[in-house]
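This structure is in C-alpha cells; I'll ask about it shortly.
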Amino acid sequence: MKETEEGVVRSRFGKKMDETALMFSSSLDHDKNIFYYVILVDMAHILNLMKSLYVSEEEAKELLKAIIEIRNEGFETLGNYEDVHEAIEAKLIDKVGDSGRKIQTAKSRNDEIATCLRLFARDRLLLLMDSLLELRRVLLQIAIDKKDVIMPGFTHLQPAQPTKLSHHIIAYHDMFSRDFERMMQVFRRINQSPLGSAAFTTTSFEIDRERIAEFLGFDGIVDNSADAVSSRDFSIEAVFVGTSILLTLSRIAEEIILWTSEFNFIELPDEFASSSSIMPQKKNPDIAELIRAKSGRIIGNLTAMMSMYKALPLTYNRDFQDMNSLLYEALEISILSTGLMARMLDKIDFKEDIMDQKAGKKFTVATELANMLVRKANIPFRSAHEIVGRIAMQENASPSIDDIDRAAMEVAGRKVSESISKDDLEKALNPAHVVEATSGTGGTSEEQIKRMLDERILLIEEDEDKLSDIVETVSKKLEKLYSEVAGVID
Amino acid sequence: MKETEEGVVRSRFGKKMDETALMFSSSLDHDKNIFYYVILVDMAHILNLMKSLYVSEEEAKELLKAIIEIRNEGFETLGNYEDVHEAIEAKLIDKVGDSGRKIQTAKSRNDEIATCLRLFARDRLLLLMDSLLELRRVLLQIAIDKKDVIMPGFTHLQPAQPTKLSHHIIAYHDMFSRDFERMMQVFRRINQSPLGSAAFTTTSFEIDRERIAEFLGFDGIVDNSADAVSSRDFSIEAVFVGTSILLTLSRIAEEIILWTSEFNFIELPDEFASSSSIMPQKKNPDIAELIRAKSGRIIGNLTAMMSMYKALPLTYNRDFQDMNSLLYEALEISILSTGLMARMLDKIDFKEDIMDQKAGKKFTVATELANMLVRKANIPFRSAHEIVGRIAMQENASPSIDDIDRAAMEVAGRKVSESISKDDLEKALNPAHVVEATSGTGGTSEEQIKRMLDERILLIEEDEDKLSDIVETVSKKLEKLYSEVAGVID
Amino acid sequence: MKETEEGVVRSRFGKKMDETALMFSSSLDHDKNIFYYVILVDMAHILNLMKSLYVSEEEAKELLKAIIEIRNEGFETLGNYEDVHEAIEAKLIDKVGDSGRKIQTAKSRNDEIATCLRLFARDRLLLLMDSLLELRRVLLQIAIDKKDVIMPGFTHLQPAQPTKLSHHIIAYHDMFSRDFERMMQVFRRINQSPLGSAAFTTTSFEIDRERIAEFLGFDGIVDNSADAVSSRDFSIEAVFVGTSILLTLSRIAEEIILWTSEFNFIELPDEFASSSSIMPQKKNPDIAELIRAKSGRIIGNLTAMMSMYKALPLTYNRDFQDMNSLLYEALEISILSTGLMARMLDKIDFKEDIMDQKAGKKFTVATELANMLVRKANIPFRSAHEIVGRIAMQENASPSIDDIDRAAMEVAGRKVSESISKDDLEKALNPAHVVEATSGTGGTSEEQIKRMLDERILLIEEDEDKLSDIVETVSKKLEKLYSEVAGVID
Amino acid sequence: MKETEEGVVRSRFGKKMDETALMFSSSLDHDKNIFYYVILVDMAHILNLMKSLYVSEEEAKELLKAIIEIRNEGFETLGNYEDVHEAIEAKLIDKVGDSGRKIQTAKSRNDEIATCLRLFARDRLLLLMDSLLELRRVLLQIAIDKKDVIMPGFTHLQPAQPTKLSHHIIAYHDMFSRDFERMMQVFRRINQSPLGSAAFTTTSFEIDRERIAEFLGFDGIVDNSADAVSSRDFSIEAVFVGTSILLTLSRIAEEIILWTSEFNFIELPDEFASSSSIMPQKKNPDIAELIRAKSGRIIGNLTAMMSMYKALPLTYNRDFQDMNSLLYEALEISILSTGLMARMLDKIDFKEDIMDQKAGKKFTVATELANMLVRKANIPFRSAHEIVGRIAMQENASPSIDDIDRAAMEVAGRKVSESISKDDLEKALNPAHVVEATSGTGGTSEEQIKRMLDERILLIEEDEDKLSDIVETVSKKLEKLYSEVAGVID
C-alpha cells in the first residue's frame, strides 16, 4: 500500500485497510503480466489528454518522459500498492508532481484494466498462433517424411484397420487448423478498445476513443461503455481456445505415452525424456505427461473463470480481478505446451518396422475381407460381416478360401469360392493393399494422402500470411504511437 | 438388445452381453434426439449406394419406402437395442429382408454418429440463433421504449454514477451480438460432413462423399477420415457458445432477482413468477433463478465433456458416446433459457419513477462534480477526487459552494468558488445533466443512445438476413434429397 | 399445471404461468426419484398432525388410506404439476376433500424437499456402500487367487520394477476402503431430518421434530431450521464421494483398456465386451471405456452443483431444484459403475504367463541391482544408481560382473567384483527374487502380501457389520412407522 | 538444472534435457511450499538409515548437520534443479561428499513427495481448522450480541417471514461446524505416512516404516506401498473440504454485498472496504467480492485436480506433479479467506433499526396469519393459505377482520370473525410475536435461540479441545525427532 503522504487513493476513509485484506486484494503479484500494457495505455492517454488540452504540451512532455522512465526502471521497482495502476500513478506523482495528478483524468481503472487485458490477450494469441503454425508445420513434415509408413489404426485402443502414419498425423494437423481458425476469429473480438469508457458511462471530458484505439493497435472500439468495462467474455473465450488446443495436445501426449510404452512405436528424444531418481533404467515421457496434465489444469482455469463470472450484475465487480491471473496462466500454458509439443515431435524417432509389422496383426484386415465378399460374391454386407466374424472367432488371422466357404455356408447358406480368386483373398489380407483400397476422399490411399498434403502446405502458407498481416497492422499502429510520443518528447 | 434370431450385430461372441452392462452401455434413451437425422442419413446413403450400384434401383426403392415407414412409426416403436443405428438396421431387415442387410455397406456407426451429431448441432444452433435474435429484438425494444429513463448505475453493487436504462440494456444486447457472431462461426465448422469416413480410413467401396454431404445440407466434408470420426471439438465448441450465452443470461437473471428484491426496479409479469406453498404473499422470480442455475449446469456439461475428451487416443473411443447426451441437453437448455428470457423481459414492468428517484442517491454525481472542478477550477483530477471525497465523507449529498471551498482549501490549499458558478454546481449535481455530459462514444447521452439504437436496428436486420440465408441454403439441399427420394419411390 | 378448479396453489396471481415457463420450472420429470420418499414423509407427517390434534383420528385414517392408494397407483398417474408435492396434495384433495387441504399444515415444500433429498441420498449411499463392499470382495478374491503372480509394475507407464498382481490389486482395494470410510462419515451427516423447519423458521404449529425424524429412520435432526432448508452441502458431499469412487474406477478402467490392448495382460469376458458394426474381428472394452467416461461426467455433475450453489444467499433459492437431478444421476452412476466393475473384474481372465514373462523385461530389476551394489560393495546409492544407469544405456538387460566392474570403474573409480558373488548377481536380476526382497511393510514379499490379505478379509467383515447395523437401525425405525400407520388405518 | 559436474541425476542419457522442457517440467517454483517438509523427512530418514546401519553414526552426524545448514540457508539458496529433492541432494553432496550420495538409499522421490504433500496438507488443515474455529466464535458472538434483533428472512431473495439475525447467523455457524467435522475426518486419512514405499514396492533395504512415521508426527502408515505413492485422493479431498468452506463463505460474502447495497442492513468497517479511483463517494465491499470469487477459483482447482487424476494408471505419473500447486493454492486460499471473513464479520456494524423496521414489510406475517386461521377458525391450511393470498393481492399489509371475512367468504364460504379476537389478529400481524411463535426445535423463539447458543458454546469448546489434542500429539512426536537429531549431532 502506498506510503506517500498525500494518500493518492483511498483518502476518504477514517481507517486504513486491514493489512491482510490489502494483501488478499492486491493484484500486484500478477500485474507484472500487464505492466508494459499499462505503460502503453498511459502513453496513448497522455497524447489524448494533450490533444484535448487537459494537459499542456509541456506537461505531456514531462509525463511521457516520466512514464518511459518508469518503464525502464521496470515492474520490480514499483512500491507496494493495491495494483499496478495505483503504483504507476503514485510514481508519476512522485516524479513530476501536480501534472502526475492529472493522469487519471478521463480514465478509470475499470476501462484501463479491460484495455490491458485485451492487449495482453491479443499479444499472447499472436504468439500462440505462431506456435500453432510451427506445430502444424512439424506435423506436416512428419506426414510428408513418413507418408507411406503403414501402421495399425485403433478404435477403443484395439487394432482395428491398417492405416498410415501420415493419415493419422494429418488428422491432428486438421484439428489444429480449426483451432487456428478459432483463434483468428477470437482475435477479432478481442482486439477492440474499451478505453474511454471510464467507470462505465464514458466521461464528460472530451476524449477521442477511436484515436486512442488506433494508437494501441486495436481494430476498433467496444462501443457501449458499460459493456466495455463489465464484459469478460473475451477473456473466457481466449481461455477456451487455449483449452481446445490443449485437449488435442493431450490426445497426442497420450499417444506418445502409449507409443513409448508397450506399443513401442516410437523412441523419445533424450531432450524430452527424464530418468528416475531410483530406477536407473527408466526413460520417462514426462513432458508428454505434463502436457496431458496441463489440459486438466486449463479445464480448471476455464471452469473457475466461468464459475466466477456467472451471475455477476453489471457493471464492474471485484471478482473480475481474480479471473485475470487465470487468463495469464492459461495463455502461458497454451503457448508453452504447443511449442514444446512441436519441438518434441520434431525429434521423435518413429519405429517404422514395428508399426508396419503390427499393421496386419489381430486380423485388422477383417473389414476389407468382408467388403471383398460383398463386391465379389454379392453377399449383403451384414452377412459378410457375420461370415468374417466367424472366421475371426477361430483366431485364424489368415483364412483360406475353404475357411471362408465354411463360414459362408453357415451364415448365408452358400459357398463363395466360385466368385473369389486367390488374388482377391491375398489382396484383402494384405495391409498394404488395404490402405490403398480405402481411397475415398480423405482416405489412406497414396493419392489421397498426396492431395491432403499438397492442400495443407498451401493452407499453412495462407495462415502464415494472415498472421503476418495482423502482426504488421498492429505493429504499424504502435509505431505511430511511439513516433508521436517521440515527437512530443524531443 | 435385439432378440431377433439373426443376431444382426455382436454375432461373434460366445456369450451375450451382461444385461446391466447392456443397459449401461445403451444410448437408446438419448438417441431420440437424433432419430430423424439417422433416417435422413440413411436416405442419402441409400441414394448413394444406388448410384454406386451397390444396391439395385428396386432395392433402393424398397429400402427408402421402409425407412420412411420407420420414420412414420416413430422412435418409440424401435425395439430394445444398443443404439438407434442397430435398431433401425434390425427393423429394416425385418421389413425388407436381405436388402436391409446391405444398409451398412460403406458405412460405420463411427461416421454415422458423427454425422448425426453434426446435423443435430446444426439444427439446434439455427434454433438458438433464432431465439437469440428474438432476445436481442426484445432488449432493443426495451432500450427504445425506455431510452430516456435514468437509473443509478452500479459497480461492486454500490450506486456509482447515474446512467440510463437504455444504455444498460444495450450493453446486454451487445454481449449477445457477439454470441451471435460466435455461433455463425461455429456453425461453419459444424456443418461439415464426416459421412463416408466409415470406421476411420474411408472405405474400399466407391462412395461420393461430396454428393452425400450436399444431400444432407452440409457446406462440405470433414476431409481427413480419421479426424472426421475421432474429433469432438465441434461438439465441445457448440456447448461452449451455449455456455457463453447462459453466462450472460445468468447476469440478467441475477439483476432480475435483485431488481424484484430490495432494489424494487421492476415488477415481474405473473406468467413468469411463482408463489409459495406456505407463504401466500410471495411472488418469486423462479424463472430467473432457474436460468441462473442453468448457467451452472451448462458449465458442468462443458467441464464433463472436456474432461471426458481429454487424453483420448485416436480414433473412436466409446467415451464419446457419453458426451452426446451432454450436447443434447446443453443446446436444449440454451434454446429454452434464451427464449424464456426474451418472453419474460418482454413483459417486465420497469418502475421508472423509482429508478429515476434513486439515480442521484448516494452521491452518484460525485465523479461529475470532480470532473467539473478539473475543468472549471483547473484542479488536477486526483486532487479534485480528494476534494469530493472529503465532501462525500460528510455524507452531504448536496454540497454548497462553501462546502467545496472548505474541502479545496484542505486538499489543494486554495478556494475554487471564483471559478465555479451556481449553475455549474447545479448541473454537476443533477443526474439528468450528468448522463448527458457523459457523451463519449458509447456513452449515455441522448445522441449516443440514439446512434447506438439506430446502428443496432440495422445490425439485427443484417443478422436476420444472414440466418435466413443459411436456413434457405440448407433447406434447398434437403429438398433436393427429398425430391430424389420421391423420384426413386414413385 | 393442475387443472382442478380449486387452484390449490398459485391462486393469488391474476394470470396463469406461461406454459413454457411452467415446463422449464417443473421438476416433475425427476421427482420420480423421490416419489416414495414424499409418501413416507406424508405418512409420518399425518401421524404427527394427528398427535398434535391438527387432524382428527378419522381424518388421519382417511389421509393415510389415500396416501397409500396414491403410492400404489404409482408416480406415473400423477397429473401435470409443478412438482411431486403439489401433485400429491392435489390428488389427496381429490380423494378425501377438505382433510386433504390440511396436509401442508406445519410443513413447507422447503423442508419437505430437503427431507426427501436426504432420504434419497441415504438409501443410495447404502446401496453404494453395498456395491463397494462387493467390489472390494472381488478385488480381494483376485488378490488371493493370484497372490503369487509376478508382473511388471509401471511408473510413467514405463516398466519400472517387478511387482505382484496381488499387490497391485490390493492398492485398489485400499483406495476403495477409504471411500467406504468416507461414505460412512458422509452418511452420518446426511441422515438428519430437516422436517418441521417449514419455510425456514419452523412453524407456530406444535410439531415434534424428533419424533418425525425417528419415524423416518433418521439419526437426529438438523437443528437450526434455516440451515435445514438452505444448506445443500450434504448433497454436494454425497456427489463428491461418488466422484471419489469413480476416479479410482476410471483408473482401473484405464488399466483394463490398456491391458486388453498391446499390454495383453488380460482377456475380457464376452459379457463385458462389444464388437463393431463394421469390423468383425473387434472385441472392445466398451464397459471400461464408459466407466472411464462416467468419471468425467460426474466431475461435471459436481462442478455444476458447486457452481450453482456458490454465492446463493439464505434461505431457499429455486436454483436448488436444478441441483437435485444432478444428485440423482450422480449416485445412480456411482452405484451402476461400481457394480459393473465388480462383475466385470470377477470374470476377467488374467494372462499370468505373459505378465510373468514381461516382469523382468526392460531391465526392471535395475533398482535391485543398484541396491545390491550398495549392500555388498558399499557403493553409495547415488553412485550405484549411476553405475547401473550406464549398464542400462548399453541396453544390456543381463549384465555380467565384468560389465558392472567396467561401469563401477568409470563412476566410482573401483571394481566391485570382489564383493559380489555370482549368486548375488543372479538374485538381483531375478524378478521372483526381487519381489521377495522388497519386503518392507506393505511391500510385495509373500509375507507382506499374506498379512495384507488377512487383515483386509477382517476389515471387509467389519465393514459389512457396520453396514448391516445401519441398515437394521433404519429398517426398524421405518417398521415402527409402518406399524403405527397400520394401527390407525385398521 | 544442476551444474555440479557429477551429474547427480539423469546421468544416463546422451543429451541433456531441452531447456524449455526443463523449465516446463521443473516444480521448483512451487516446491518452496514443501521445503521444510523435505528437510524434516531427510532428518527422520537419516536417523532411520543410521539405525539400519546404512550410514555410520559419523556419517549421520555429518548429514544431519548439513541438512540443518541447508534449512537455515533457506529455500532461495537452492540452485536451479528439476525439483527440491534433487536440489537438496545436490547440496548435501556438495557439503559432505560421498555420504551425501547415500541420502536416497531406500527412498524414492515417489514416496518422498507423497510424504511431503501429506505433511503440508496436515499442517494447513490444522491452520484451517484453527481459522474456522475463530470464524465460528465470531459468528457465535454476533448471534449472542444480537440475539433479539428481528429482521426479514428471505426465500428467492423475497421477504418471506420475520426471523432473527441470531437465527440466521447460527445457520452459518452450523454449516461451518460440519466443515470442521469433515476436516477432522479428512485429517485422519491424510496424516498417514507413505515413506518407505520407495518407488512403489517398498525397498530391499531394511527400513522401519512405522518408526519414521512416528518421527514425522503421523498417526500411522499407508500400508500398501503402491497405494502409498500412486493415490492422490487425500490431496483431492483436502481441496474438497476447502471448497466446501469457501462455498459457504461465498454465501456470506454475497449477503454482505447485498446488505451493504440496497438492503442497507450493515455498514462495512473501513478496514475491509475500498474506494474507487474515479468515484470518490464509493465504499466497496471488495473483500467480500474477492472471497466470493475465490469460491469459483477453488472450484476450478478441484475440477482441474480431478480431471488430471482421472484415468491415470498405476503407479506414479508425472501428471501428479501438476496437481501439487493446485493443492498449495487451494489450502492457502481457504485459510486466508476464512480468517479474513472472521475479522471482517467481527467489525461489521449491523443496522438493527433498519432490519427491525423491514421485518414486517411486504406482508411477511402472511404465513402466521394463515396459521392463526387454521388454529382459531378451523380452516384447513390450504384454504387459509388462499384466504390470506387474496388479502395479499390487495396489497393490504394490515388487514382488518372484515377484510379477512370477505376473503374467507369467497374461499371457504363462511366468515371467521366469530372465532378470531382482535388480539389474535394483532399478534399474527406483529413480527415480534411471530418470531416467538415459530418455536419448534431449531426455530426463532427466544428459548430456542438460547438453547442453540448454549449448546454451540460447548461444541466450540469441545472442538477446540479436539484440535489442541491433535496439535499436541503431532508436536510431541516432532519434538522426539528433534531431540534424537540433537542427540546425534552433539
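For clarity, chains are labelled A, B, C and D in written order, and residue numbers in each chain start from 1.
The rule we apply is simple: a contact is a pair of C-beta atoms (placed from the backbone, for glycine too) under 8 Å apart; a residue touches a chain by one contact, two chains touch by 3 or more.
Just so you know, these numbers come straight off a predicted model, no measurement behind them.
J.: Which other chains touch subunit A while also touching subunit B?
T.: C, D
J.: Out of C-D and A-C, which chain pair has the most contact pairs?
T.: Result of the comparison of C-D and A-C: C-D.
J.: What pair in B-C, B-D or A-B shares over half of its contact pairs, by residue number, with A-D?
T.: It is B-C that repeats the A-D interface.
J.: Distance between subunit B and subunit C based on Cα centroids, please, to the nearest Å.
T.: From the centre of subunit B to the centre of subunit C is 34 Å.
J.: Using Cα averages as centroids, what's the distance between subunit A and subunit C in whole Å?
T.: 35
J.: Could you put a whole-Å number on the gap between the CA centroids of subunit C and subunit D?
T.: 23
J.: Two or more other chains in contact with one residue: find those residues in subunit B.
T.: Residue numbers touching two or more other chains: 11-13, 104, 110, 154-157, 160-161, 198-199, 258, 275-280, 283-284, 286, 289, 292, 295-296, 299, 302-303, 306-307, 309-311, 317-318, 367, 385-386, 389, 392.
J.: Could you list, by residue number, the parts of subunit D that touch subunit A in their complex?
T.: Residue positions touching the partner: 9-18, 20-21, 24-25, 82, 85-86, 104, 107-110, 198-199, 269-280, 283-284, 286-287, 289-290, 292-305, 307-310, 317-319, 321-323, 326, 336-337, 339-340, 343-344.
J.: Could you pull out which subunit B residues touch subunit A in their complex?
T.: These residues of subunit B touch subunit A: 7-8, 11-13, 54, 89, 93, 98-106, 110, 153-157, 160-163, 167-168, 170-172, 174-175, 178-179, 181-182, 185, 189, 196-207, 209-210, 221-228, 230-231, 233, 236-237, 240, 243-244, 247-248, 250-251, 253-255, 258, 292, 295-296, 299, 302-303, 306-307, 309-318, 367-368, 371-372, 374-375, 380-383, 385-386, 389-390, 392-393, 434-435, 437-444, 448, 452, 455.
J.: Within the complex, which stretch of subunit A touches subunit C?
T.: Residues of subunit A touching subunit C: 154-158, 160-161, 257-258, 260-264, 275-286, 289, 303, 306-307, 310-311, 362-364, 366-367, 370, 385-386, 388-389, 391-392.
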